[in-house]
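Chains: A, B, C and D, in written order; residue numbering restarts at 1 for each.
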Amino acid sequence: MSKKALSDIQSGPDFRRIDIDKVGVKGVSYPIIVLDKKNKFQHTVASINMYVDLPHQFKGTHMSRFVEILNEHRREITVHNFPIILEKMKKRFNASTAHLEVEFPYFIEKAAPVSKAKGLMEYRCAYRGTLHTERDFVVDVRVPVLTVCPCSKEISDRGAHNQRGLVTVSMRLAGFVWIEDIIKTVEASASSPVYSLLKRVDEKHVTERSFDNPMFVEDVVREVAMNLGRMKKIKWFSVEAENWESIHNHSAYAFVERGRG
Amino acid sequence: MSKKALSDIQSGPDFRRIDIDKVGVKGVSYPIIVLDKKNKFQHTVASINMYVDLPHQFKGTHMSRFVEILNEHRREITVHNFPIILEKMKKRFNASTAHLEVEFPYFIEKAAPVSKAKGLMEYRCAYRGTLHTERDFVVDVRVPVLTVCPCSKEISDRGAHNQRGLVTVSMRLAGFVWIEDIIKTVEASASSPVYSLLKRVDEKHVTERSFDNPMFVEDVVREVAMNLGRMKKIKWFSVEAENWESIHNHSAYAFVERGRG
Amino acid sequence: MSKKALSDIQSGPDFRRIDIDKVGVKGVSYPIIVLDKKNKFQHTVASINMYVDLPHQFKGTHMSRFVEILNEHRREITVHNFPIILEKMKKRFNASTAHLEVEFPYFIEKAAPVSKAKGLMEYRCAYRGTLHTERDFVVDVRVPVLTVCPCSKEISDRGAHNQRGLVTVSMRLAGFVWIEDIIKTVEASASSPVYSLLKRVDEKHVTERSFDNPMFVEDVVREVAMNLGRMKKIKWFSVEAENWESIHNHSAYAFVERGRG
Amino acid sequence: MSKKALSDIQSGPDFRRIDIDKVGVKGVSYPIIVLDKKNKFQHTVASINMYVDLPHQFKGTHMSRFVEILNEHRREITVHNFPIILEKMKKRFNASTAHLEVEFPYFIEKAAPVSKAKGLMEYRCAYRGTLHTERDFVVDVRVPVLTVCPCSKEISDRGAHNQRGLVTVSMRLAGFVWIEDIIKTVEASASSPVYSLLKRVDEKHVTERSFDNPMFVEDVVREVAMNLGRMKKIKWFSVEAENWESIHNHSAYAFVERGRG
């Protein structure tokens, strides 16, 4: 070996007296398995961030340990073993706080409303957890929807502008909640759900149903907020809706937050 | 100075006998001035790529020279001095081929259709040129539009799904053509233009006009192709339309290419 | 005109009793002029978000008013007129809270360290303000830097892995601070600044200087935090550093927050 | 049902006499299974584009059929059934040309060079095929690598700037080639491979090995080109290298194309 022993720089002292809130790895791409209401589990690909705090007296963090912890759990990252991974991070790094963020596309087979033809819809989700003395755990679910503009419908002699929108729900839970149920709630709170496969009879149905059910971004966030507000297992939530306006080159946006974070 | 003279590694020999087609800098962010039909010129910010070929006997390229050439022209990058920059690249690098690509947002003040309220619309454009023994020059113009689905309108008792789409035109020219004129042509080839500012009377107008003028992506590329085909100064073009379908979570897409590249 | 008077749906009542925290326009692309320490002002292109709150009794917001307000100020968006725009938003929408977010690339001419050859560096910045009964104003500055890994240098007989990183500073201020001064502070807190144009003598200088000054992401955020902590006009700041690790396919990340938000 | 029979607008006539080169769906997100040299197959998530040509006499395409075809094959999209899917597209749409593009992250377990600690590396790949009277099939493989600058090393008394780069290989094949073998070839053609997990002994190894093996983007594309050129099963290839320069805020880029497309 070389003249230099493989000295452990990171464990050396630091004298600037500045505690670091978060330090770790960001954007680790990783294939994972998550729980699935219908098929028990599904394979997907996640982008993962892992951070711990670092007290002022230490110079650095041993970054490779994050990936090692990930490797020990790679067959499954779920709401169930999430706290275990955080606990392990805290212990392995001798940290007082650990953060884990896992973003992934989640797929659900959805039948078209009339023909019942089946297609796979993608919903981008995330688990974001922190373990200090207490635990914090947030679930994000992103649901594309269709919105028809009530103003456009009202003032026009025919037609109404409509567009795809994206609703993002973030939640803190008091019990287990299926992603599938949140998605259903959000899709019921827009002018219409969005589908990956629609036959002609379905397209007619979606067009008419959404036209009969016009909603502003304001309406969408209020409907979602009302519906989530009734779910006992949700302690806190935020909901944002972004409409890729079909008549503009920018988005319409609304945001509501409720409960105790 | 150090023991090492600042030896010119790049100018050294290479023995692998492999000519390099393109080598240079990519993604240089740069504020530029471009020609403007109404205001003579406008300030914008470009992302720039500059490449030359490298014969097999040379090891490397002097990358800093690309940025130096850019600096000599930073007050203006237009269709007029574009060939001059390419010529300079060819000469400075002693290359047989030079490539220059400049992408930038271009802004046009557009009046709403009824209220005439004015707003600024952004259109992403690009100049892409190559100088070998002959010159090649391509202009790209991206135009957001509104499309109403003819099928949805026809089969539904009320309403019709519609969405924002993006039309990308690429052209090789036989004379000077204003970006403004291409944009006008594309906007006239969709169900309706898109606006940054619409008052209620305008929204009514756009809704009804687009409903009366339903178009598939197929119709959009055909209309644009017909209209560009009539412009004598355009030798070659391609046109693609991408609709961010409001009823799906994916896009509908169509592409047509005409003329001699 | 049609059978329908252009009724004002948005001003109608809503009975769901849900106040909306933020509603408005997102992603408006807009050419703006900002203050520049050296040249007084500079032209750039911004992406703008504008939101207000909406009390529960009203159905919707008049989105076009946001763009109208923007149009009234388009020649200049600076730290000086920012509160004026927020005030106008609050008044025009009869809102209790207004939010304005403006992101833009900012360019500074920077001389290479030895040759003094000049190049333009891009720094992505943002102003983010909220006006309720009190005002909140945050400035973001993103500074690309070079970091050499201290561990790699220490344990290796030769060389040390290094990479580009991005440092993002967010600040709440107690007085006027030039973006240029923040950038200088950050660049002095890394292994080396990054340049758009370097001649061979400069490359030698940057290589040796950064090698003599190895820094982890942890070191970078601590150095920046120490230096910003000394600036009296900064009441609160956060600083994050992300290294696009040259030996990995993911980033190393660190984050520190200080002061009263 | 409504007054309107569900008339088939798309099958109606068109009189503009413009054939459409490509029409279809773009950006369909889909979980797929691909072949894996070590584990036989692996689960991943793809982004899929599907197009056919449309003769001038027809008004439109039945977009839902693309997703139906996809659904029939969703358990597996490989080099083996790719031509079958294209054939099906051609037949189902009665088209003369069909295009299928499938992009996906591909994961390989890679041992660190000294400790042999295992980590999962992500490589973004794509299959892009066209079926007309003849078949065309292109495989893309993107490999992140580490490059040390030869010029910086030569002129500096100590150290050398280095950075992560991305090498993209596109190939037309005369036989079956494993993605794993292309990746190995590319990784051997840079200053060093990149890893997801490195212990201290590995970091020392990677640092020294890459320092001993400095390469420009020019060198990388030449090495890859030489090595691919020797593989009999590759009829045509292009290789591009992009270095996210650690001393600049832009990339260095090189491109080589060889063989008959």
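Note that a residue touches a chain if its C-beta (ideal position, glycine included) is under 8 Å from a C-beta of that chain, and two chains touch if they have at least 3 such contacts.
Quick caveat: nothing in here was measured; it's all calculated off a predicted structure.
Chemist: Identify the chains adjacent to both chain C and chain D in the sense defined at the top.
Modeler: Touches both chain C and chain D: A, B.
Chemist: As a test of understanding: of all chains, whose mean C-alpha position lies farthest from that of chain A?
Modeler: B
Chemist: Would you kindly tell me how far, in whole Å, the mean C-alpha position of chain D lies from that of chain A?
Modeler: Taking the average C-alpha coordinate of chain A and of chain D, the gap between them is 27 Å.
Chemist: In whole angstrom, what separates the CA-based centres of chain A and chain B?
Modeler: 34
Chemist: Quick one: chain A and chain C, Cα centre-to-centre, how many Å?
Modeler: The computed centroid separation for chain A versus chain C comes out at 24 Å.
Chemist: Touching two or more other chains, which residues of chain D qualify?
Modeler: Residues 2, 6, 28-29, 122, 151, 155-157, 196, 198, 200, 204, 249-250 of chain D each touch two or more of the other chains.
Chemist: Between the chains shown, work out who touches whom and classify the graph as line, ring, star, complete or other.
Modeler: Graph shape here is complete: every pair of chains touches.
Chemist: Would you mind writing out the residues of chain D in touch with chain A in their complex?
Modeler: 2, 6, 8, 28-31, 42-45, 64, 67-68, 71, 74, 105, 107, 117-120, 122, 196-201, 204
Chemist: Quick check on the complex: what are the chain C residues that touch chain A?
Modeler: 2-4, 6-7, 9-10, 14, 16, 18-29, 49, 51, 54, 59-61, 63, 150-151, 154-157, 216-219, 221-223, 225-226, 242, 248-257
Chemist: Report the residues of chain D in contact with chain C in the complex, numbered from low to high.
Modeler: Touch list, chain D to chain C: 121-122, 144, 146, 148-149, 151-153, 155-164, 192, 194-196, 198, 200, 203-204, 206-208, 210-212, 244-250.
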